[in-house]
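Read through the structures below before going on.
Shared between the two complexes below is chain A, which has chain B as its partner in the first and chain C in the second.
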Partner chain A sequence: MVEKEHLIDLQHICKEYDDTAVLTDINLYIRKKEFVTLLGPSGCGKTTTLRIIGGFEYPTSGTLLFEGKDIGALPPYKRKVNTIFQKYALFPHLNVFDNIAFGQKIAKVPTKEINIRVEKMLELVNLRGYGKRSVDQLSGGQQQRVAIARALVNEPQVLLLDEPLGALDLKLRKDMQLELKRMQQALGITFLYVTHDQEEALTMSDTVVVMSDGRILQIGDPKSVYDEPANAFVADFIGESNIMRGMMLQDELVRFSGANFPCVDAGFGENQPVDVVVRPEDIMIVGNDIGQITGIVQSVLFKGVHYEMMIDTGETIFKVHSTVMQAQGSNVGLSIVPYNIHIMKPMLRPVLPSEGEGEEEEAL
Partner chain B sequence: MRKLVKRGYLALILLFLYIPIIVLILQSFNAGKSRAKWEGFSLQWYSELFKDQAIMKALYVTLSIAVIAAIAATVLGTLAAIGIHAMRKRPQAVMMTMTNLPMTMPDIVTGISLMILFTFSKIERGYITMLLAHITFNTPYVILSVLPKLKQMNKHTYEAALDLGASPSYALVHVILPEISPGVITGLLLAFTLSLDDFVISYFTTSPMVQNLSTLIYSKARIGIEPTLNALSALMFLALLVLLLIVNRRASNPAKAR
Partner chain C sequence: MNQSLSLPSWMLWLLGLFLLGFVLLAVYSVKRTNGIRRSFFASPYTLWMVLFTIVPCVLIAYYALTDANGAFTLDNFRNFWDSNYSVNQLYTQMGPEYEVLIQRGTVNIGILVYSLWMALLCTIICLVLGYPAAYFMADRNIKIGSILVVLFIIPMWMNFLLRTIAWMTLLEDQGLINTLLKSLGFHSVQLMYNDRAVLLGMVYNFLPFMVFPIYTSLTKMDSKLLEAAQDLGANHLHTFWRVTAPLSLPGVISGITMVFMPSVTTFFIPRILGGGNTMMFGDLIENRFLTEGNWNLGSALSLIMMVLILISLSVLRKADPEGEGGGMI
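Right after this comes the complex of A and B.
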């Protein structure tokens, strides 16, 4: 059953290369005008998912619907989507104007109309007067804007973006994040965005899809993904976390790091092993006589807005963020508010890949 | 002192390399028929050269074969390179070995094997067989000059064209070919030069009725070298020199080659 507002539906999509599964049973729908981000570490299958929608890869099994119609077998040039590639893939032998006009010329739009549309696009991406420049003369940020204009001029229903800001420096990346969001809202186009940068995903998206190992782990809006991670992997990948093995003693009472903590979760049963996640900013440092547990400050790092302290309780080393610095070696008490303790079913996977590990999956 | 020895050594080597061709060029301006003594400057052998029907016919054969073979090999080689580039690693390695092998094979082996093939398949040797032979030995060189350009291309450029609505053939003409054109032109010039240059393969794949310049000179030289051949050789040397300079310049300076 496909709802009317679904623009794209992926149903049980699987992809294998030489018997290696790259995507396993991907189910996802994208609504009109939605900003959806596929987020995950290298090799998690997010780019492959995007390329299947773009038409550059074909799924081994499963159905891909666009406005309710099966487009799984259509070649890329017959799909109403456009793509922004990693490293932009501009046509080096054409100038900025001809790059942007490329799709319009194929669509046989009258020359006059092309001129008007391209000029409008140059204005939209803040490149007025750059039409005659060669694309080699542009900076990375400018090339990025040309790539965006080249796609948007065709008025696609969906824009697919494959780590488009990966090659830009931090400042430019932040600016472009805001600008992309502004364009998406102004034009009312659906964006499907691929990134491994969790902050980028949280900043820009309406919906975040967290992927790992070719599977979808969680789908939700940024706040719910951050506040209610589905499992320890999502918690670890999105934001910083303290992840501990614990024991659910009874409803609303959990034991970890050698102490019992009241919490708000229930329904796990009694004496069940669980994963416990606590964000570093949710641990309060209090006097060592009133804390739920006590520990010794091992190290202090200045991080700009806050201090990052590693506090050893003997059982666990907690990462704690606070604007107040504690002296190294001092004895402190730690306290956690019940609703900041996140309880999850333990993951089968023993090892958690660390965040930001490796390069982009297409770095070759 | 050391520097002087170095330079002297280099000069000596270059002298030995080029003295035969220098003598040849000088002889082509010799007024007398004797090769032993200088009888004054003259252009008469050049003017006689252009009056010689057999030589003019051979020149036509040489040039027309070089042009047609170079164009045909360029088309075949460019398309082959695009195909090889798109292959997966293992079949690509196999194709590259198959491409490199004919280039390392001695010309005489290529020539004889082609002759046997034509005889075996009962194709009468002549202009067409020589042309086919030239296309055959030229194609690998075109593939090798086009492939590096394809490797330099951003691999998403072709996909970007499709994404913007271009059919595969439109993308080939409007995106891929402009991108790799420096390699294609280098391949074309190389093929043309090699075709002009060839003697051994031509000798085995043509009939005595259809001669190109190299086979004609070879058969004439058996009777005795006429001074017109000096003039002809001098002109051929000059033409090949110019072509080689262009090819080398393109190969060493890819920025200017656009």
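Right after this comes the complex of A and C.
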């Protein structure tokens, strides 16, 4: 059942705190040298999943396999994984060198060998000459690097990263994203990364695991998760979306927002309620005589690369991204290419995060 | 005998001048800034400190360096080394081990060494008992921890003398423990009037001062650090010695300070639980002042005590340069 290349297998993992389910039936495998990201809003269970793999929490039920062996009951210090904690958890009483050497000293590596390895690690994370510094003297980014070095020096098979870039500013975060990816590829270590930042997840991962409410909603590579969201929640969480209720009239024809749109999906049956997702950048603004529907530009926001316009068609307010600005109050036509319309089975309503924002309400 | 107000008039003048200067300074600071400076609000505390800390210290130094007539002398300190000149009723009821010391004239030093030794033992016992207690209290996984905190605090609501006397009823020959032993068919045991009883009383009274600083430093510690240590391969023992112990060191040092200082100057406990067979430095000072009425000698002893405490504090400070352990002095 377990394939050879699977390094970690989570099978039917459940976790409850005082009868409150935090994780429900988590099934996930991680391959060797893969960069897997657990993505979801706070409280979705992604950190708990990471902590179960790290050994800081024990699952209520389910099996955790590492190279095919059950490690569910092993304490953290017997697992071949290392963690980078959210706030780094560097030892304040030790300097940079001793922080990095901590695991090696526990493992009773000879001092000479430790010195060589730690120096190599300092070089890897661009902190050469910082060994004697106290960790309080370092900036957030430097502390981050020490945390990475402290974990990597032990040559773990898997590195668990719990929102490691959350405390850094945008520019530094972007740099570190690339650097982490570079290290992962250079060292050939499996990374399991937890974040709520969808852009980060899409940039770095080989595989994205979207979670919500203690469940896995979708597993896939970044492109498929973005292009083919499994449901309205994923669509809404990853990137920006217009999510509407619609009706599948027949194969390749869907009705929403008061108009019929040709699409490429089939197999939903006739006259079936569905959720319709259209990315803001996939809606084209055309002359109001040739659009599939028409609407009035309610508001215009400059977002840097593009303008974000809210366009009211009477039935729906669409969020549209375009590099060309339309004047507020002007009448425009909207057109959507068939393969940009994503049809999915309707979700149970309470799970939708943007409920009440009004954009996806009252379709049809 | 009572020489309490034998201060020379120049000292009273000095004190008055000091207070006047202080008031003038306060008025000046208000005037200069056209309003009340914030530092002005600290003045009641400054006044308090001057009146009840600095002035008494100056007085102790004054008495220690003068004789009964107010003339300058170093005799009081000489007497500390050689107590022959004042062998009196003070020592008559003390145990036979003091005979030798009294004959040699080194009874003061003997008592000082004994006090330091008892204080050291008390501090070590408090540390050995107190650290695990603090550790369990700080452990969030142990539900009983918060109850332990309360149990340690409740006795502190009671008066120190009362707590010590309460031990008498337990340890006496006809006390609770011996009654229980006898009813079970054992011989009664001499529990009181020895060093161990005194030590017990000291440990009992000073233990909370060890527990709470350690407890505070342990609760301040980020529990993520323990996870990080385990993550890096440290088992529970490694984690304790390499992370928990060094990070709680400020609390330990603060605890040692807060137990050792009052331990050295302990009085009353030896008299109650030691039955007067033993005497500690605090008792000696008390006796000089109250029984003998020799304020000069008592002050000299107090001064020696203060210097010793200052030395031990500065040694401890070296070990905790940031003063994290609650900032004791």
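In this section, the second predicted complex is superposed on the first by the 351 of 364 C-alpha atoms of A that agree within 3 Å, B and C clash if a C-alpha of one lies under 4 Å from a C-alpha of the other, contacts with A are read in each partner's own complex, and residues count from 1 in each chain.
Keep this in mind: a residue touches a chain if its C-beta (ideal position, glycine included) is under 8 Å from a C-beta of that chain, and two chains touch if they have at least 3 such contacts.
These figures come from a predicted structure and were not determined experimentally.
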Chain C versus chain B on the shared chain A, clash or fit after superposition: clash
Per the contact definition in the header, classify A:Phe302: touching chain B only (first), chain C only (second), both, or neither. neither
Check chain A for residues that touch chain B in one structure and chain C in the other, and list them. 54-56, 75-77, 81-83, 85, 87, 89-93, 102-103, 106-107, 150-151, 154
Residues of chain A defined as touching chain C within the complex: 54-56, 75-77, 81-83, 85, 87, 89-93, 102-103, 106-107, 150-151, 154
Could you please specify the touching residues of chain C with respect to chain A in the complex? 222, 224-225, 227-235, 238, 242-243, 246-247
Spell out the part of chain A that touches chain B in their complex, as residue ranges. 54-56, 75-77, 81-83, 85-87, 89-93, 102-103, 106-107, 150-151, 154
Inside the complex, what are the residues of chain B that reach chain A? 154, 156-157, 159-167, 170, 175, 178-179
